[in-house]
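In what comes next, chain A is part of two complexes: it sits with chain B in the first one and with chain C in the second one.
Here is the complex of A and B:
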């Protein structure tokens, strides 16, 4: 007798959310089964890899491995963005507005927004703008960005309980997507989506950021909260959690000491370039397996590996 | 599949003595069937019934141990599909392949890297455990010699050959080390099954890429008396292998389907063209149900991320990882270096210590045992109070190491500073930053007094 595998019964579906406009717009979500479980449901849109750039020169913070692929453009966000799209084939671009950090450069919202606008005008792929998680500063910056980039359907992140009214309203007013961000907790993720709904933000304009922990630094928390959100959305009909999920992976992984140690400082850890790339790629594929729909990555080699993985799994 | 309450009832004494805590044997049988009672509660149950029921209540995925001693690998024994439902328990073993047609220098390089790749983290020693030894030519002498050489490293072994003679020679010689015999296929199941029974070694089955073929093999071998089985479905396509691992785990846990209730082995070395992609295959099956994972090589740049991955996925979600209580010296501090105190939640420790390290400012980090709670939670639970921090500071021995009189507490614990000052008379309690990311800035602008 042929073996009959047990299939999971799904009752829900993740909503589709479209980022950007025009030919290069990208739709994520839409699945009716756990990620890559195409033997028992649909995954109409493959998970996507977004590529990050910074709006300030990261040379002082980044290791040689992370800098090398972007030599010559790190101090010019527009050139950097173009390199990502033209040379590395980025399908979604993330601008990390590090220059706005009130504890560092603290550039004005107007200055930050002007750079984001220039980047958004220079490329045709969807843009996600990722702030510094300071409610006051992000509110100022995101309002200015939302206004200046009106019509481009950006995604603005992170939108948290402390600033959702302001940034949510800016997204509503200028028709951008909200990245609803909560600290690794199913209930808080749900609650913020309810609040956004009350504000008038439509379901097709919300992506969940469950908060990302890198390999060795809390990856397991993010991994499990994504699995739980996905289970609630697909098998328990939890309407408010049926949104695609995004993870800011590169920024977390490359912060860790072990991703950056040089061969001189840590010969026992082997080739530093390959180690950093694998730390980033492994974090990404774990979160994709758990159920993430978009992973934001930094290193072109890691991106290549993760895209290859997605292609094989689809 | 488990027995029903009625089936169990037939095996019980039917005296309704009530000593098990419920009034009738039938009620007790129902409780047993639903897992709410333990058979030991019945003082009068017969030996025969015990045996029968024990077989039925055996773990849904059989725990199998490969190897002996320090490097023994126990896999299987898992009870959940998702780690948040409880926890994953037995980390997959990581193996590198060596072959009889490989030159000695290459093999020696792998041995050297196997020994060197050991990393300390949260009080654990992260390392690989296994070698997979492959017979390339059917030469029994060569195969045994290489297997012996690899066994001498202490590593647990997977012996790979489809030649019954060569396998018999190697497995018989090394049977005390309990290597995994790989693998019984449709063609050689009789000979390999007999060898497994005779040698007492665990046996892998290798299917033809279908779960039906695996089921056929495990049923046949179980019938021959082989108990410790590991499953290779034979599939080498990533997507299909992923699907099979999920079906196997579900069949074992949800349906209690015995023929698939065994740990699995993943040949990552045959599923990708280079070590980077093999590492991703390994990571995929660390997350989704691989028991043993074989790679073409050990390289620290690949092992280190995989060790972290394995540790993360197999961490018990109900028990936070903790750092050991004590004084941590960072960047070679001296008697004038600042002293900072934090909790022993491992993530807090990792992040705070790496921020101090990155600042390049020499400092002492005192880690207090807060039972794995973060600063705010520990503070709220009274485990990071002025009194407990004061007692720890006074007793940990830091006073002998410093000349100054300052102690920095986390910004989130600012509330304890008054009480703490009373506990550490003469010392200056300074409230540090709330977020670890501000520590470097703080240390560069502040000096202890």
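Here is the complex of A and C:
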């Protein structure tokens, strides 16, 4: 008898969610099988790499390796954004609103929103705004951002159980996408999507953030929960989890000690010019295999590696 | 018919914990009377690890409770000296040691006491490496403790209440399935032994007001596979009715869900719909979320 490979039976489909507007709008999701399982089902939209910028000069926090590709623009979010799009081919841009951090610069919501607006006006790719995970501050900032950028169909993140009513309402009012964020827990991911549904947020406006752990810092937990969410969505017809997923990879990887140690401090860890890049690329590729639809990255070299991987897999 | 061990006399409770610390018999005796009237078969005395005070506390508590009830008592502590003190003080019926883990040092210390005082004991399937990972590891741990208790100590099988460990539905649903799978094999593995389980742990985490239905459906599932007794909330009268077999229609409905039979939801009452939905999340047919009854 001829060899019969086992085939996974699928009963569900991930919904499509469109980020941004106009020619450069990006649609993610839509798959009917596990990621890259083209022998079992469809993956109509390839996974995407989003590129992050900060709304404050990160020079004090970033290693030379991370800073080098952005020399001259790190203190100017608009110039930085343009460089990402024009030079590095970013298809989606993420603005990390670090300047809003109540434990650091604590800039006002109006100031933060004004910078986001300038960035959003300067480029035509979809924008994701990533907050500081402080419910109070994110609520203020995201409300202002939602209003200022009305009509641009941003994605606002993270929207958590503690602030979903406020930020969810802002997304509803100004027609933005909600990034539904839960702490590496499939049951809580489902619950938050139910609550968002009760609030009136439509399914085509929800992307799941399962919470990202970088290589060496919980990557395997994120991997498992992404798998579990996908299994529920695709094989158990769990209606509430059939949403695309996004992972904030670069921010997690580059804040680890190992990504930034110099050659003098850690000669056993290899070339620092490659180390962080590889940690970032490996984390992203793992999460894409697990099922992520969007990975947010920092370093252009890591992005090249990850895009190369996606191209080969599709 | 599932026998009930009332769990509410617990050091973690604000009211009864305070009474235990202050050696105030009144609230504890009131609770013991309530448990008796609610039809419990044992009153569990959970004094926690209790440190140096354990021995004295159990010596005080057992007669205090027995002043107002004839029910046998479950001596619920990890403190070996407190267990022995409780056994000494226990004069009405047969005491129940809660519990003996399947770890050499626990078995060596506690099995001789179970034998000496002719007590019942809960054999908690918690091994040297912690919680068993599946039904097979449960089976191995069960065999080990039953073999040791009956073989080495000559304890009769009916003195042994095997506890396959209840896990919460919202974090370890798969472990619920292996506890159920274990129950299906249990009488073959340990003929003549009895069983029990800390039922309320299934709803540890979900919203407080939704805990009863999870406990009730879980009990139906366990009852089907011959669960002999369960440690339960003494105030949940519907649960007691289920334990006593007074809600056969709900049992039949939950069994249908477990057997994968098609169910016409539109013909069901609200209570029945809720039981079906709850059975589905416990059995993993649907993924648990706190709003499971609303979707």
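By our rule, the second predicted complex is superposed on the first by the 313 of 314 C-alpha atoms of A that agree within 3 Å, B and C clash if a C-alpha of one lies under 4 Å from a C-alpha of the other, contacts with A are read in each partner's own complex, and residues count from 1 in each chain.
We adopt the following convention: a residue touches a chain if its C-beta (ideal position, glycine included) is under 8 Å from a C-beta of that chain, and two chains touch if they have at least 3 such contacts.
Note that the structure is a prediction, hence the values are computed from the model and not measured.
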Inset, instruction - Pick one for A:187: touches chain B only (first), chain C only (second), both, or neither. - result: second
Inset, instruction - Check the residue A:236 against both partner chains and state whether it touches chain B (first), chain C (second), both, or neither. - result: second
Inset, instruction - Between chain B and chain C, point out the one touching more chain A residues. - result: B
Legend entry - First (chain B), second (chain C), both or neither touched by A:195: second
Inset, instruction - Return first, second, both or neither, reflecting whether A:166 touches chain B, chain C, both chains, or no partner chain. - result: neither
Legend entry - For the chain A and chain C complex, residues of the former touching the latter: 186-188, 190-191, 194-195, 198, 232, 236, 238-241
Legend entry - chain A residues touching chain B - in the complex, by the definition given at the top: 2-3, 5-6, 36-37, 39, 103, 213, 215-220, 223-224, 227-228, 231, 256-258, 268-272, 274-275, 277-279, 281-282, 285-286, 289-290, 305, 308-309, 312-314
Legend entry - Parts of chain B lying in touch with chain A, wherever the complex brings them together: 82-84, 116-117, 119, 121, 211-212, 215, 237-239, 242-243, 246-247, 250-251, 254-255, 276-277, 279-280, 283-284, 287-288, 299-306, 308-309, 311-313, 315, 317, 347, 350-351, 354, 357-358, 437-438, 441
Inset, instruction - Going by the contact rule at the top, pick out the chain C residues touching chain A in the complex. - result: 170-171, 286-291, 294-295
